[in-house]
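What follows is a pair of complexes built around chain A, which joins chain B in one and chain C in the other.
So, the complex of A and B:
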């Protein structure tokens, strides 16, 4: 039940063996929907819990940004999973993933409007009422914006966090991706986000395709993202940073090098 | 709540309707709603398809491996404008369509017959385990299920 601290990695079955052998590891994240609410935990994850490694369930399908009320069964699942791993907190996204009876298959951006703030705040409060632990919210990477934004990203997020008391799960790769694709300065966004509310930080790799930067989680972490991690830490060091990798897993040495680079950029002890 | 939209088909109002219209654009072939940057929405649509192709390949590894370099193009052409029914059923529906066109590679045929011998799937409802013994065939590939055990009786012709 220890709050996330230091450098962690997203636990995935494909890299369970690699993660199990990281001697300094103190926290991981697991996709909440991949766990059975009634247990048992996958063996690798259970072994980490026995070692005292903090496990944070990370929801990806709650659709807190949907105009419809969040599905209570999905919230209940997240709550039970949080208890199953004795989590100190859980996290989800400021996004929607379905509408009109169709699944989008990924996280979609909200219009940055008052109406959307109201909808997401209502859903976050519904979730918080049922969750046994605090909730942290993650802004997403988006390839497009809605045409009628009324708020900029910093104001939009700050209003949601202020109204809900939720923590901020800041994904530095998403900050980089959005700024690059919009032609904005990512440091300017860091200057305006409520960094004191950060619960932990995500870092992931991506790649450019057809002139757009895609936050793929299947490519190496670019140097620019690591530099932005350094810029964030110079402003206010976050308590914990987590590497997300979701496919095209590289050899163990390459993954260890990414974790080490993240630790160095953030001034945390290496975990490898 | 929002600034007026440019001219176009009568835009939906209200967040629920607008979110539904956007998802329909991204996964069901609906036109891009007025006001959005078309190139960017197209890029998001392609990225969603690529992610979906990867997820279906994880559920149907032999089908994807059998198609090799043609997997992505085959999946994209089949899936564009067709909302997902989940990775298992997406791959199943695609494998059946390829079978019917005579375009199912041997590895995919074997994966399909093993699944079809074990499960009843009507294309509408989620697949469920068969209780009675069953044969399944696709081209030359034949599988038999008896008492829940599935055997590939005859492989597909290479």
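So, the complex of A and C:
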């Protein structure tokens, strides 16, 4: 279990054959909920593990931001999956996906209040107690802000990270999306985030619809996001960057070009 | 002298003597046939076999028809073939790069609208398939016609031997002679014959290569919802070659259904049963699409039969 390093890509069954043929690949991420806790691993993922590629389980359903305590069964699943792939760490979102027994089906943003910080910290600590490896937290892209926000994004995150000791999974595309949709300067946010806490970085494509930028994961990575990756690396180079693509997969050459562009922007060796 | 030929002996040959001779000949015939088959179906060292193209894999996995479907998968992924509202295929766009002779022949046949099921009857397509087959025979992956005939000779010898034994059995029964041991010998021979009944077309090397490919290409299985845009035309063709026309439906369901291509999911067990003795088509005149081998599980939606042309795919 090697800590994520260099440029990686989100492993999805749809592109398993493409990922398998990336000669320089050192790490991938897999949606934790897509794996069976008892195994076996999908053949493509097992082959990557045999090659010594680091696999990081990425949870999307834990609902760490929920007002109610995090579901122990879901934490147990994440823990078992981490052991199954011999992961050095796991990651989850600072968001809630269910409330009052209702499933939103989406990652929903939290109101940035002291109360929310307390709730998230409690849930993260509950999860950390059961997980065999460190946890990294990912702030999500929010298309709206709650009216009762007390903290700005940087303070909100820093408080949670400080209280829990969790790592930061920074999604540069989210930083870009949030800043653009709020009319803020994304570089200003980078200046205020605890970049030394970054475990690894997410980069994804998106598209503008009806005046709002959507973090779709199904479109090419815009030049502005790559530029922001460069700006981040100029401040403090993260150990690893991961391209997330979740559908509308382009021809292999286009996907390779995105990975190469990411490697160039971050100053890492190309993996293609 | 009585012991050698008693008046009651069937055909004047005493039972124990006939049984001894019969067993001797049967053992020699079965062992000889097995040894011959083992040598004739070996194929070259799998390590030395070069990479196989999708259409070669398809031919090995399901003969002429699957090779056509694999080529169609590649052409469709490249945007080089279209289907008209009247369900016939028509060539589209410029010729893609890297086309094989079979791709070329199919596009040539589809200059005029042509039903997918009738592509195999086009003389150019038939010639390309013939080339494909000969290439595989030369590489020692398919057994050629002479080899198939030789394999059948061994099997036919056993069949004659079995028939002789059955006649002797009947004659013995009519003569009211003991036939228990002969019956046992016939049953054993019958089992041996049943095991040898299917004449393989593929060599064992080809089977090994197909098995390896199925394992290493699991990402092309329709179960993985392959991103065909990422894998390109060759990936689409290989998907059809390994996993059947279910891959065509995964690639472009509208196209596959409109062209009335029968949905067929191949798996490891059905893929290995392709044999030359009965060809690859089933369903006779009611269905012009094919199933690989004799597997009853290889045709989706149709139970054990292949069903009519429009029954599965339409």
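Operating definition for what follows: the second predicted complex is superposed on the first by the 272 of 272 C-alpha atoms of A that agree within 3 Å, B and C clash if a C-alpha of one lies under 4 Å from a C-alpha of the other, contacts with A are read in each partner's own complex, and residues count from 1 in each chain.
In the analysis below, a residue touches a chain if its C-beta (ideal position, glycine included) is under 8 Å from a C-beta of that chain, and two chains touch if they have at least 3 such contacts.
Predicted model only: the values in this text are computed from it and were never measured.
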item: Which of chain B and chain C A:100 touches, first, second, both or neither; value: first
item: Dominant contact partner of chain A by residue count, chain C or chain B; value: B
item: Contacts of A:114 with chain B and chain C, given as first, second, both or neither; value: first
item: Partner chain in contact with A:191 - chain B first, chain C second, else both or neither; value: neither
item: First (chain B), second (chain C), both or neither touched by A:44; value: second
item: Which of chain B and chain C A:86 touches, first, second, both or neither; value: neither
item: Contacts of A:255 with chain B and chain C, given as first, second, both or neither; value: second
item: Chain B versus chain C as contact partner of A:208, first or second or both or neither; value: neither
item: Which of chain B and chain C A:18 touches, first, second, both or neither; value: second
item: Chain A partner contacts - residues on chain B that touch it in the complex; value: 1-3, 5, 14-24, 26-28, 34-37, 40-41, 43-44, 47-48, 51-52, 54-55, 83-84
item: Chain A to chain C touching residues, read off their complex; value: 13-18, 20, 43-44, 249-252, 255
item: Touching residues (chain side chain C, partner chain A) in the complex; value: 215, 217-220, 224-227, 229-232, 235
item: Chain A residues within the chain B interface of the complex; value: 66-68, 96, 98-106, 108, 111, 113-116, 119, 142-148, 150, 210, 212, 214, 247
